[in-house]
Amino acid sequence: MTDTSTNMRLKLPVICFILEIILIILFGVLVEYDHDTDSKLFNKHNNHHNHSDAENEFYYRYPSFQDVHVMIFIGFGFLMTFLQRYGFSSVGFNFLIAAFALQWATLMQGFFHGMHDGSKIHIGVTSMINADFCTGSVLISFGAVLGKTSPVQLLVMAVFEVTLFAVNEFILLTVLGTRDAGGSMTIHTFGAYFGLMVTRVLYRPNLSKSKHKNCSVYHSDLFAMIGTIYLWMFWPSFNSAITELGDAQHRTAMNTYYSLAACTLSTYGMSALTAHDGKLDMVHIQNAALAGGVAAGTAGEMMLTPFGSMIVGFLAGIISVLGFKYLSPILEEKLRIQDTCGVHNLHGMPGVLGAIVGAVTASVATKDVYGNGLHKVFPDVADGSRSAMYQGGMQALSLAITLGMALIGGLIVGFILKVPLLGAASDAACFEDSIYWEVPGEEPDHEEQMTVVKTEESEKLSA
Amino acid sequence: MTDTSTNMRLKLPVICFILEIILIILFGVLVEYDHDTDSKLFNKHNNHHNHSDAENEFYYRYPSFQDVHVMIFIGFGFLMTFLQRYGFSSVGFNFLIAAFALQWATLMQGFFHGMHDGSKIHIGVTSMINADFCTGSVLISFGAVLGKTSPVQLLVMAVFEVTLFAVNEFILLTVLGTRDAGGSMTIHTFGAYFGLMVTRVLYRPNLSKSKHKNCSVYHSDLFAMIGTIYLWMFWPSFNSAITELGDAQHRTAMNTYYSLAACTLSTYGMSALTAHDGKLDMVHIQNAALAGGVAAGTAGEMMLTPFGSMIVGFLAGIISVLGFKYLSPILEEKLRIQDTCGVHNLHGMPGVLGAIVGAVTASVATKDVYGNGLHKVFPDVADGSRSAMYQGGMQALSLAITLGMALIGGLIVGFILKVPLLGAASDAACFEDSIYWEVPGEEPDHEEQMTVVKTEESEKLSA
Amino acid sequence: MTDTSTNMRLKLPVICFILEIILIILFGVLVEYDHDTDSKLFNKHNNHHNHSDAENEFYYRYPSFQDVHVMIFIGFGFLMTFLQRYGFSSVGFNFLIAAFALQWATLMQGFFHGMHDGSKIHIGVTSMINADFCTGSVLISFGAVLGKTSPVQLLVMAVFEVTLFAVNEFILLTVLGTRDAGGSMTIHTFGAYFGLMVTRVLYRPNLSKSKHKNCSVYHSDLFAMIGTIYLWMFWPSFNSAITELGDAQHRTAMNTYYSLAACTLSTYGMSALTAHDGKLDMVHIQNAALAGGVAAGTAGEMMLTPFGSMIVGFLAGIISVLGFKYLSPILEEKLRIQDTCGVHNLHGMPGVLGAIVGAVTASVATKDVYGNGLHKVFPDVADGSRSAMYQGGMQALSLAITLGMALIGGLIVGFILKVPLLGAASDAACFEDSIYWEVPGEEPDHEEQMTVVKTEESEKLSA
């Protein structure tokens, strides 16, 4: 099925250099600073209105951008280090494909946005956040195939997935007028089902050969908790990063925060309840406790209230733990979906839940509840061009479109990744850093060290 | 003394689910968005005054909120991972009780605040910071009992401690008009002495049975340093998070920063000085270097000057190392206080020092030194309703009240935690993750791994 | 060559206490709050202009300050934990010398700044960022001598290096009017060549005795990746932290971000290309992927465009990997420069590249490209007092001066550090924590632990 020549000496440099050179050329031709970043335009721009207003967008959004950035590189990167011998690849490939994807996403998202105003692609803090969002989706898919793909395969996957992400996002947000600020649909549902389909196509019947490495050791679980905690803490910034400034942004951060807090308690409860001896399972804590953030991705900016957010988070935690415990084994045995990180449980089901909650919440939006703020969240409802119920219908339709795009896209890309020469490891060598990395030993030489210290001390004594 | 049935299969789910369901119901009944978060109110609210002013509070405080959040979840969580086999519990129970405590604190603090204006509990970025502050106090107490309590006991402790924290905070800040922006008294002194009394009541005469696990290994100390460094870096944000905007906030951040820098040098000096062979002790570095932040918690917002802050921090580091070296063993042997993390040295004594520094600094406050800024720091002194000396007296009285509340509260809660069925481990099983967690092995199987690589390489050769 | 009495019992306390007491006295005499931090001045100051403007500087810069702070303490600290038995020293000495250097830098930088307005040293958020920048330079030099110097030697080095840094910075930024917002010259080139000269003077002919410890183990490389990722993520904040507010700051952040992204792809490509078996080398990923941030340090605030930034970053990654692979061994063998972290490859060559890019970009600056924004980036060019070409010449001259200052300074300080009694370790005891730290064992006692769990379980059964 796969080419076992995992030597990257030519493959990886060739793809890295070709991709980056294409990116540089396209950036040179297509991209320019936006008004707030261009030294010349900034000043012209500011003659027309208040100086500090033009600055504020950047200063209001930049801290959120950095929080999102931490989630993408530390959060996703370390969450996946739970495998005992795949830490270098988890952090390292996460780093590589994220660094590529955010550049490519800037072009793809800018291209579809540019179709409206026919100009060059303008970049600024918002485009940087959006690129990180798209990158997040690719990293979710990475979680599904973790341990089974070469860096070359991952870069190829990123090229196609970013493109499809931008198409799907364009259809949802621009064509259908769907609201999805935190990306329950565009990011989580899309990334999860895309990745699940890819891993389905790449099914390895003899993966049990490397089963003994598809688990954690004590310290690898602690590294993974660094990822989990950062994702948990900064999810309020993630969901609110591109909402309208003001009340919409405050509300989104707060709703997400309460959803996550409630999710954490239901996760711990369910993890103990589903274990025969009542012992907590690190896999649940590392993943399911985050499902509340995914599930608040669409409705977070709406008037969901903390009460509603907590119910959503509470349910998300329960669903996610049940998924890890009962559904994942079925998916693997019956549907042949080998989902390394269980992205179906953290991003798939909670993403669908979030989309449904969003559709329901949108369909009951009224001027009474939102006041003048309605135009910020549902501009089409506020100006009377569509009813709240219609908006809710569009939200539901968007979920269906996202699922379709993800599954078909994943199917096609999965077959592309089966092309030989992309350097996939053999079944026995999965979940193993040493295929692609120079790996040092596990521990220092104790005897040697003791000798040194003793020598040192005797030197002191004799001095 | 304790029920040795540590099986959490029913206990943990029951308490998690009951607590979260109560929280959800109370949030549904009692809580609503504040003016800046409610889509409807935000717009009405802003008709009355400048639009950007209403937004600014959120945007000025949100980055500090996230810094505080990192301290609570990463800082406290990883600081406590120093124990060799208690990393899952340190990070994991910290995560669980913090996620609960911040919800419960929102209600309790909001309840006492609401006694004034008789309305519902309004939540926003300030309530989120205050809830994290209260949570921090619970986590300090967790440090005292670390390794000896079940997650059920910890949740029960959090229920009561949060409530008492809110009462004490109300008495100090609202009734007495005390200033304590960074919580030398309300957070650190309260949390430390509460926890010390709890661990005194839960005294385990045979704890020496698990003594060999009550220490670190090489990598666990490095994980703990992640916690230390984050606490150290973000303490300026912690102490200044809820001060008045403007000069008071800048000053608090800066005073804390210089206090911590000076504290670090005195900690390193004292750590080498008190070791017979001059070797630095990780326990001191991980903890005492932070005492400068605790000690600047009350006076940080006052005109302490960098000079004064550095003296305070310098002394705090010295006191803290001396406490670890000479006082902690005495407390354990003579007073039977088994203080796992040495919270008395990091939070207890430096908290009391901070309260005293605050009382003295307050008592010498004059209009000459503070100018028109006096009303921001000491509104009662500025409007002439009390003298600076009286303010200083109130500050000192507040310390006494806090100590009393903490000790009596800890005494009562300690006895509550002795109730059987809460799942405490036996003396021999303390400081051990495997009682409450599914624990993987310590290291990967080297031989297996070597075989794989060799197989892989021979495959390549034969290809 | 060096005094092998590494006992720190008196040496370290003496230097820590003397330095901190001198700092406290000097702060008491020389330092006062700036307008925005002083309770009295803040209010007077604000009578003259808009209230919120005075506040904004703090609020706009504080999040960047914290990002820089994370780079200094977590970034540098953990990046250097890659050595198998030097993690305590890497994080711990980094912590100590940074805590000292930032206080000393505040005085030194304030002193040279104060020569203009003849007043006291005013401190605020900008002085805190500048102090962190200077500290960064010291930490770069620390990277060159890592594993071979005592904490006393490091503090002595910091005393002199901070002073020279401030002199060089004064000459460049104030006397010559050079632009170097992200410090390609002042921070990176200076710190690297200073450190390289120090390590040259401290050359250890028998360092091969501890060669077996001058390498990583599996988990130490993961800890180091925490440092790398934080440095990578927050470099846009670093380069833009003290630029003019508004477009200059947005642009700098964005240029740095694209430079780093491009650098990451060229680093991965080159790392695989230069390995005989195509395996990625953690040393390259941990270091060379950051060279794009260094190389954008001078030109980042200029109209470099994302296109130009990406080319610069792409080249920086290539140069840096080639340096690690081919140049470092030559420097060690031929020039006797034992550069532990390879700072020449991460900070030296990319810093020089950044300076050259800055000089070229400055020399082609026109009013056409910058518009009214020209005065923010090149005030002397904007007001006609110098031509763009002259500005470019000054930039190039600044590089030469920086190299000269660094090499001569490093030479002198290197000889100062050879003074006996400073506690350097013997050649065989380099790269070893246990010389200066109480070091616990590597792993818990497995048998003991198993026994405990079994006992616990049999207790349960019998209960």
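By written order: A, B and C. Residues from 1 in each chain.
The definition used in the following text is that a residue touches a chain if its C-beta (ideal position, glycine included) is under 8 Å from a C-beta of that chain, and two chains touch if they have at least 3 such contacts.
Keep in mind that what you see is a predicted model, and the values were worked out from it rather than measured.
Its C-alpha atoms fitted onto chain C, chain B is found rotated by 120°, rounded in steps of 5. Comparing the contact residues of chain A and chain C by number shows a mostly separate set, under half of all numbers used being common to the two copies. Averaged Cα coordinates give chain A a centre that lies 31 Å from the centre of chain C.
The residues of chain C that reach two or more other chains are 7, 52, 59, 63, 219, 226, 434, 442-443, listed in rising order. Residues 4-7, 52-53, 56, 59-60, 63, 67, 84-85, 210, 212-213, 215-219, 221-222, 225-226, 229-230, 232-234, 237, 245-251, 253-254, 257-258, 260-262, 264-266, 268-270, 272-273, 275-282, 285, 289, 303, 305-307, 310-311, 314, 368-374, 376-377, 425-426, 428-429, 432, 434-435, 442 of chain A touch chain B in their complex. Taken together, the chain B residues at the contact with chain A in this complex read 7-17, 19-20, 23-24, 27-28, 31-33, 36-44, 52, 54-55, 58-59, 62-63, 66, 69-70, 73-74, 77-78, 81, 87-88, 91-92, 95-96, 99-100, 102-103, 123-125, 128, 151, 219, 223, 226, 436-446, 448-449, 452-453, 455-456, 459-460, 463.
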